[in-house]
Structures are given as structure tokens and as C-alpha cells.
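Note that chain A is present in both complexes that follow, paired respectively with chain B and with chain C.
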Partner chain A sequence: MARVFTRLHERVSDGGLGRYLPLYSRLDEKHQYAYKLLFPALAMMFVVHFIPVVWGATISVMGVNSNYIADWTSAPFVGLEHYAFVMDPTTTIGSRYWYSISRTVLWSVGVLVGTYVLGLTAALILNQGFKGSFLVRTLLLLPWIAPAIVTLNVWRMMFLSESGIINHALMSVGLLDEPVFWLLGDRALWSMTIAHVWLQFPWVMIMLYAGLQSIPQQLYEAAAIDGAGRWGKFRYVTLPQLKPVSGVVVLLMLLWTMIDFTTPYVMFGGSPPSSVEVTMVYIYNFSFRAFAFGRGAAMSVGLFVVAMVLATIYYRRFIRSDFEEDDQ
Partner chain B sequence: MGRIDIDGLTKEYRTPNGPIQAVESLDLQLEDGEFVVFVGPSGCGKSTTLRCIAGLETVTSGSIRFDETAVTDEKPKDRDIAMVFQNYALYPHMTARENIAFGLKMSTDLSAAEIDDQVETAAEMMDIVDLLDDKPGELSGGQQQRVALGRAIVRDPELFLMDEPLSNLDAKLRAQMRTELQQLQTELGVTTVYVTHDQTEAMTMGDRIVILNDGRLQQVGTPLECYHRPANQFVAGFIGSPPMNFLEVDADLEDGTLDHPVFTLPLSDSLVDELDSTDLVVGIRPEHVSLTDSPGTHPEPNRLIETDVTVTEPMGDVTNVYLDVGGETITVTVDGHVGVDPGGQLHMHVPASKMHLFDAESGRAIKHSEAPIDSSSLPEADSHVETA
Partner chain C sequence: MMPDEWALSEATTDRLFALASKGLLLTILIWALFPIYWMVFNSLRTRFEIVGGDPSFTEISFHYQNYIDMWSRVDLIEYFMNSLIIASVTTAIALCIACLGGYAFSRYRFPGRRYVGASLIGTQLIPGILILLPMFMLFRTFHDTVGLQLINTYQGIIFVYTTFAVPFAIWMLRGFFDTIPASLEEAARVDGCTRFQALVRIVLPLAAPGIAATGMFVFLVAFNEVLFASVMARGDVTPLSIGIQQFMERDQNYWGEMMAASTVATVPILLLFVLFQKPIVKGLTEGGVKQ
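Up next is the complex of A and B:
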């Protein structure tokens, strides 16, 4: 392995790269070195992210279905036919696709609100620096560290109508008279949101906690002298100071939830109630159960575009201005 | 209003290695409109005392009263104070205008227009009207300092607290802001407590200075009192730059002399009667020592000490001369035009009227310099300047 790197380094150093990459040879030595260090990560990103994206986009314009599983390259070029088909709201498939997108957005926003509120609350409590906060922090991180498949299966069992502990607990304290079907109908979206919030809030908590710790104590002292109470300090110091990190947290949480497959699939399997049939599950069923790879790929690209549009709007509106201010 | 009474103030911090006393039973009275400077080395308790007055620290024991009102347990916002922090502590996400307005917005019922009026007035006083719509990140250190001061004066508080407000500025700006702050304080007439580790700031700015060390009060007095009548050796060494010279001596009570391995100085009879210890420290300020190369013609040959010149530092107006006296270094400042050659031998004269004596063990002052400390001697100096 070491020899591979040495040889790679030699090849990179003797100007080999420069010949093929004129932009690279124009960089000064310091930047060239930086790119050499970045190279392994970039290569990994290329293989794991870039190739599948291009591959997916390619398949979306080709008639890949069960007939071409052996050699997808021989499938015919169909142009934008798949897109027109899956996005036509007048067909069953198209209307289900758009419905799944709306469920995905609803779910993502729900998860976002839940994780942010819970994460911020936990971060604020941790930031009080009480005795044993180290232990509490570690405990609170557990849901995030534990394998998702275990956590989600536990949630699924807890939500079960007959044997689940949630119905049992709610009935024993008198909040419910009879068992509720948590995993069916519209309630399934609530259950899935709760389980996913539980899974993801520790990450939000740790990000916001780091953000809280970087707020200078003097700002709170200045605010105290300026007459701000607890709420005033939170509203006028903490929240604005958390804005940059919140921007990143919200963006990532939104995108990650939109493309999450684990939670809906583990909780509801391949045939979920329609309220929780999010786009990722729909695409999976379409591609890998019906083997309509071309159409599935077109749906994926559609989800990709929706996510990118939302992310771009959000980025322009909330994040970019922060960094521009910092640059001045 | 604006009179502060501090009575037996003690602040203890709990640490894993046991409690640490940051301030020990401090008694202090500040008069209305006074500019008081707390000065001392790092960890002397000056900032802690200030923060106790501000209400940012809880007091372990003792009490603080503003006029007749006990505020020891009041929250900062209920004390009618304004504070300027070392790092300014401006709210980074607010413009200068919002920073200055914030205190009024939080603690008064003024309308937006009234607040804006007051912000404008404060900004005019601080000469930052053009900067009001900038955020702190866009301002230089000096400008941020002005905004921080604007934020303090707009509140029209009973008490200003300033925690090393100038220490992040460069030397030139610091000197300029020093004067400006004094003018501002005189104009507003608000009682001000100013914390610094810089004895020059203490000397130049304070109506009175409070010198602290190890959490204990060393001396309270006007700058000149502390300079010429230091209560102990710590104050003597801390106030003044270059610092006072110290030489350990033994008092010979029978002969009436102060004995040092390389010299002997005469001791007046009245002083001999006052001494209760023979281990003493002679203190003499660098500007009170005079140098001569002809000891034979000196009027007080018995107060001359033979020395070797080691280093000279010409500063322009004065020259710092470093002398070796039996292995100890003595600093002397002489007029800038006096030529002194390193490596030469000179005699230094220690005048009795300017000499200080301290008890070597306790550091307590036994004898002071007789230099005048009251301001009545100043008009003469002024007229002298005019006629010159």
C-alpha cells in the first residue's frame, strides 16, 4: 500500500499531473500540495457520489427494465419519456409520485422542527454545565450512535397496537380508552417522525451545543447589564449567535431526511401505508421490485432536483448572507 | 446619587484544590462623581471586585451599597450601571446603532423614536454618527471601543464600570482615548470605576487610585499620594515607571547608620527613635537620585554611593542609567542632554528628603519622600510654564 502511495506521489510530483491538468500546473506549490492531500478524498467522492449520480441520470433517459438487467447499455435511448411518464399527475403512477414527494417534504419539515426543538433544548440544558453533564451528554448521544435498525425496530414494537408499550402506557394513565393503531393511516407519519426525530436529534444537539459553547460569555454579561433577562439573553444573544450553525443544521437535516430510506423501510417495509410512502421507498419499490430501473432513475433525478431547489432557496435566503457578512 | 460603599467584601472561588480568596474583606468608599482606578497585577482581585460591584459575581460575604440602597444581592439590571468590557463585548449581529440602543430597549419603556434620539446624541458625543449602521466586524478596534462607550453613556447610569477598556488598543490610540475618557467622565460627572493593570493609566486618569495585591487592599489615595507616600513596599514598587529602586540594609541604631555591604548612609536621630526593626529596605525613585563624577566637591559626601555604570538608555527627554551597586542594579533617570558613558564610575547621591524606608519583613513604610503631594503646589508650576 505504501509503495502505491510513493509511486503515486512520484507521478504527481514529476509534473505528470500538470501536463494533463493545466489548471493544476498554474497553482503555486502550496495549493498543489493541498490538492495532493485532498486527492484520496476527492477520488473517493468521485467513485461513491459522482459516478452513481451520472449513472443514474444516464439510466433515466434509457429504457432499462427487467429485459436489460444483464446488460443495461444495450437498452434503447428514450429521451425524456420516463420523466413525462412518472411526473404526469393524471396517471396513477405520476399522482402517487407527486403524493410521495409531498409526504417526503411534510415528513422532512416535521423531523426538522422536532430535531431542532429537542436538540436545542438538550443543548441548552447541557450548556448549563451541571455536575454529571458529561455523562448526560454521552447518554443523549446514544440514539445517534446505536445502529438505526435496532432503534427503529424497537420504536416499531413500541408503537404496535396490541403489544406496544406506548398504547399500554397511555391507557394505564387514562389518556387512551382503547388501543390506537399508530402504524396505520395518517398516524403512521407521526410515528415515523417521532422515531426519526429520536434518531437524529443528538446530532442537532451536539452541533448546537458546540455553537453555544463558542458564544463569548461576555456577551451575556453585557446583556445582563443592559437589562436583558433570561428570555432577552436567549432571544437577542443566543439565537442570533447560533444562526450560522443553525443554518447548516437545518439545511443538512432537511436534505438528509428527504433522502432517508432506512427509517421508512425498517418501520414499514416495502408496502407502507400511503401516508408514509415517501419518495425514497416509492423509488425503491419501482426500481428493485418492479425492475423499472429507467423510470425509477427518472424519479430519483426528480427528487434530486426538488431537494436541490429547496436547498438553494434556503441557502440563498438564510446561509449565504451570514458568510458574506463574515467576509467583510 | 452615585456614592458607593463597599463593606468587608470577600469573594471566594471554590476549586478542586480548595477555596481561593480573590478578594479579602475589602472596605472602600467611592464619592459621587469620582473617577476611581483599581490597579494591581494580574490576579490581584481588581476585576473580581469590579464584577461584584456590577453584580456579575455573587459576593461570598460583605455588602455593597449604592448611596443608602443595599445592592449586594441585586441583579446587574437593577443596579443602574453601565459597563465597558476589555473586548468591548459588542453584539456582533447588531449594528452599532442597535448595540447602543439595546440597553434602552431592554430596560426602559421609551418609544423607538425617543431611543433613536438618545442613540444619536450618544453617537455625536463619541463621534461615531457615521458608523451607526455598521456592524462591529466592520469597525476597527478604536471604533468598536467608541461604540462600547456609546452603549455605556446612552444609558445615563449612576455608575460606569470599565474593565481594562483600553488594553486592546495600540499605544498611540490608548493615550488618545485616555484623555478622551477623562474629558467624557468630567463632562458627565458620573462615578466611574476603572480597572487596569497599567500603573500609567492609574496615575494619569484616577482622581483616586485603589491598589490591590493578592486580593487585599494596599492603599487608597490620589495618584501623587500613592507615588510619594506609598503605604508599603508593594505600592512603592508598583507605582512609577521605571520602578522605585530598593536596597536592603541593616540599621545600626547606635551609630545611626544604614549599613549595606558596599555603602553606609546616615540615619537621622528622629528616625532612629521610630525604628522597631533593624532589617530595612531603602527605596529611592530613579528621578530622585543624582549622579556626580566629582565626589570631593559634593555638599553631602556622606550620602554618596560609589557605582559602576552598566547600561544607558537614551529616551530623548531623559536617559535611563543603570548602575551596579554591589551586584544590585539601580536605575537612575537623568536629563536627556547629560552624557553618561557605560563602563565608567560615578557616585550617586541619595537625598534624605526623597528617600523611603520600609520594614524588610512586613513591607510597611517607615519613612516617606517629602515631595509635595497637594495640588496647591501646582499653580506655581503653571506660572513657571507661562513665563518660560
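Up next is the complex of A and C:
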């Protein structure tokens, strides 16, 4: 490990390229060093994130289809035509695109609420600290540790209508009279939400638990002196103190769910019911079946913009202060 | 009301509250563990027991044949090996890169830091589907111009996964490095260490739990990815995430064998986790979060 590091470091630190970059050479030595350390990460992000995003945006304004896939540069420039087309709710494709966005929002919010409520509940109880709480914490992490690509198939099996354990259990306690199709129609979205909450709540739990652990005990003592009960302590100490962690957890959970592909793909495969056709799945099927890459790219940019707008509003409102304090 | 009556009732509510919360936690725990139990349980049942005309939920005939048949039904061993190679190499490389980046982020207030931070978060909101086709084209361009084969190869998919994991890994590690006092490195510098030696010899060993937790995270990202794998890791490098779906055929689902394969895939990861649970759980709960 150390040798890999040394080698990586040598590569980066000879600073050959840096001399030719005016902004970089104006930095003092310490800050140049910081950029050297960040160089491999930034370079990779440039190749894998930046170039393809720009490229994708370019494709979205070109008429790329199966004819031009080998030589996309010669595809005609079509301006915002694709955007107008895919966002026009009067066409089939446009209305399905909007529908998929509404499903995505519903799914993300459902997952967010589910993971947060469960994660916070578990974290609060674990935080009381009892004998064996380390063991419970470890066991509660297992849904997150076990590979999603296999556990999602287990959920799929449990949701089967005739032979699934969930219908069987609900019927045997009298909550259902006859088997329900969990993986078809509108209910499929709830099944997918439940499975995804199961996958992700341990992460939320452990983040919130870490936040709870760092709340100074004196705050609770002070609240007790002021006459706060259990609820008062939670309302006026725990929740405000958790705000920075919650801000990050909520943002990431929302974004990760919006752009998640693994859960719908593993649970529903290539032809999902329309209720779980979230935008990622819809674009995937649309692009690769119709070979309409230009339109697919326009849809993807649309999803990116939705995510970015949400994230920017949220970031300004809840998180930015954290970074700004750092910069002082 | 008498004061000691008050005291009594408070003690009682406390006890009731503790009891209720333990009960709630137990419910969550059962819910969390049941699917894993169900996976192992069903891997030892016959097809008939799982989805037969009258499926049973308790009968088990310890049908270990599933564990034998699964290897011949699909190229399981190949998928396993591919997934392990891809995920482990990704973890190793991403950790090296993210340690450097996270350290820079934690220790230096360099100009442009806020923009670098924002772009780290920004990468988390790029939908994979937006960059999938451009990545594919870019890799083909690499192949045509410099002869570098990246599509359907280990190096290509590892490169992509590493970059996917690095931004969040940097963010996580930065939190862990923040908890290590900078005075330790300063002391090492006074003793003649270079900056880099101080990082490798002083900071990294202290951040070991955080690095383990981050490594777990990276490993899972790489192990569970399906979107890019479905397009850029086919043929000889098909990972388990794609390959395991072959137990689902158009006319028949081999649930028993699939659960057996799932168990075999899960057990080593759970073992690894249990083996390193102390540092991982410690890392996840003690650093990571910037207050």
C-alpha cells in the first residue's frame, strides 16, 4: 500500500505541467501541494464526469440515432428540438417522460421519509446505550452490507403474489383476504420503495447515530434544569443539533434515489410495470430500444437539471453555511 | 399528590419507555434480518417447496442440490471472480486516490476549495444514464486513437467505478482526517518527516477505521453497479450483478439456485464485515460526519 502511495505521489509531485499553468504557479507552495494531492481525483473526475456530461449535452442537440452512432459528429444539429419533443406532454413519449419524473419524485420522497424515520428511530434507541448495543448496531447494518444485487431478488421473491411470504403472512394474520399482486400496477412502486428503504436505512441510521453521539451531554443537562421532559429534550436539543448531519443525509438520500438504477433494474428487469418506470429506467429502455440517443440525451439532461435545481435550493438553504465557515 | 408517588410514576414511565423502545428496536431488527434469513432458508428448499402448486412456508428438505446445480446453470464462478476482481481493485485504487484528496481537503485552505467541494457534491447528482453513452463513445475513441481497449475489459470498468466512488470517498475521509489533530503531523515535520511521510506514517494509521469504513462503501458501490456493467462489462468480464439475473428465465425462475448463489455471494462479504466490524463500525460512527 505504502509503495503504491509513494509511486502515485512521485507521479504527481514532479510538477512538470504546473509551471505552464499561470493560476497554479501563482499559488504558494503549500496550496500547490494540496492541488497535487487532489490531482488524480480531479483528473479522473474530469474524464469520467465532466467530459461525458458536456458530450451528453452536445448529443442532446444533435440528431443522433442508429444511423449516426458510428460517426456522431456528422449528425445534423437540431437545436432544442429534442427538448421540445420530449417535454411536450401531448405526445406519447413526452407524457410518459413527465409521468416517469412524477414517479421518480414520488419514489425518492417515499424512500427519504422511510429511511429517515426508521434510521432516526433506530439511532435514537441505540443512542440510549444498553448492553449489547454494539451487536445490534452491527446486525442492523447487514441490509446495507449484503449485496443489493442479491437481496433485491430476495425481496422480489418475498413479494410474489401466490408463493410470496408477504402475502402469506398478511393473509394469515387477517390483514388480507386474498393474494395481492405486489409487483404489478401501482402497488409495485410501494414494493420497490419498501425494498429500497430496507437497503438504505442502515446508512441513514449510522450517520444519524454518529450525529447523536457528538451532541454534548451538557446540553441535555441544561435542558433538564430548564424543566424539559423527554419530548422537550428531543425537540429543543436533539433535533437542532442533528440539523447539519440531517442536511447532508437528506440531500444525498434524495439524489441517490433519484438517479438509482440498480433497484428498479434488479427487481423488475427489462420490462417493468409502468408505475415503477422511473426516469432512469424509462430513458434506458427508450434509448436502447428506439436507438433515439439524441432524445434520450435530452431526457437525461432534463433529469440532471431537476436534480441540480433541487440540490442547489437545498444546498443554499441547509448546507452552504457549513462550507463557508470552513473558508474563513 | 405525594412526592414519592411522583417519583414512583416517573420511574415506571421510564421503565415503560425503555421497554417500548427495546420492543421497537427488536421489530426493526427482525425486519432487517428476515430477508437475509429467508435467502438462506430458501436456498435449501426445492422448487416445489418454494413455488409449487401449494407453496409451503415452513417445509424445508435441506435440498443442497441447489448449491451443486447452480454452477452449471450459469457461469457462476466466472461472474464471482469478475465481481471480486473489479470490486477489490476499485476499492484499492479509489482508497489511495481518496486518501490523498481527502487529506488535502481536510488540512489545506487552498483557493478554489469551495468550488472543488461543490463539484465533489455535484458529481453525486449526475444521472448515470446521461454519461453512459458518451463514456462508451469516449472509450471507443480511446481505442481507435491510442489503441487502449477499455470496453468490456477490467481496466475500463474499474476506471469508471473508481471515479464514481472517489468523490464521496474523499468527502467521507475528509471527515475522518478532520478528527485527527494536525499537531501530530507538525511534530513529525519538526522531526524531519516530509509532508508526505507525515501523511503516510502518522495520519493514515490513525485514520484506519475511517479508511476501512470508506473501503466498505467503495466496495459496495462497485459490487452493486448494474447500469454501466450492463453496457461496458459484458463478455469475459461480466460481473455477478448482471450474471445472476440469468437464473430468471422467460419461462422458469430458478429461485432455489438463485438463493443458493446469493448466499454464496453474501457470506464472504458478511464474513469480511464481521471480521473487520470493529474498525468499520467505529469508522462509520466516529468520523465521517462533519459537525
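Here is the rule we go by: the second predicted complex is superposed on the first by the 300 of 328 C-alpha atoms of A that agree within 3 Å, B and C clash if a C-alpha of one lies under 4 Å from a C-alpha of the other, contacts with A are read in each partner's own complex, and residues count from 1 in each chain.
As a convention for this text, contacts are C-beta pairs under 8 Å (C-beta built on N, C-alpha and C of every residue); 3 or more make two chains touch, one makes a residue touch a chain.
Since the model is a prediction, treat every value here as computed from it, not as a measurement.
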Fit-or-clash call for chain B and chain C when the two complexes are aligned on chain A: fit
Chain B versus chain C as contact partner of A:S271, first or second or both or neither: neither
Chain B versus chain C as contact partner of A:T92, first or second or both or neither: neither
First, second, both or neither for A:P52, with chain B first and chain C second: second
Partner chain(s) touched by A:D226 [first = chain B, second = chain C, both, neither]: first
Which of chain B and chain C A:V150 touches, first, second, both or neither: second
Chain B versus chain C as contact partner of A:T73, first or second or both or neither: neither
First, second, both or neither for A:P216, with chain B first and chain C second: first
Most chain A residues touched (candidates chain B, chain C): C
Smallest separation in angstrom, by C-alpha atoms, between chain B and chain C in the superposition: 6
Overlap of chain C and chain B interfaces on chain A (superposed complexes): 326
Residues of chain A that touch chain B when the two form their complex: 216, 218-219, 221-229, 232, 236-237, 240-241, 243, 325-326, 328
Contact set on chain B toward chain A in their complex: 54-56, 75-77, 81-83, 85, 87, 89-94, 102-103, 106-107, 135, 137-138, 151, 155
Sites on chain C touched by chain A in the complex: 17-18, 21-22, 24-25, 28-29, 31-33, 35-36, 38-39, 42, 50-52, 55, 57, 92, 96-101, 103-105, 107-111, 113-114, 116-119, 121-131, 133-135, 137-138, 159-160, 162-164, 166-167, 170, 195-196, 200, 216, 220, 223-227, 230, 240-241, 244-245, 248, 255, 258-259, 261-262, 265-266, 269-270, 273-274, 277, 281, 284-291
Interfacial residue positions of chain A with respect to chain C in the complex: 1-2, 4-6, 8-9, 12-13, 27, 30-31, 33-35, 37-38, 40-42, 44-45, 47-49, 51-53, 55-56, 59, 72, 118, 121-122, 124-126, 128, 130, 134, 136-151, 153-155, 157-158, 160, 162-163, 165, 168, 198, 201-202, 206-207, 209-211, 213-214, 230, 244-245, 248, 251-252, 255-256, 258-259, 261-262, 265-266, 269, 279-280, 283-284, 287, 293, 296-297, 300-301, 303-304, 307-308, 311, 315, 322-324, 326-327
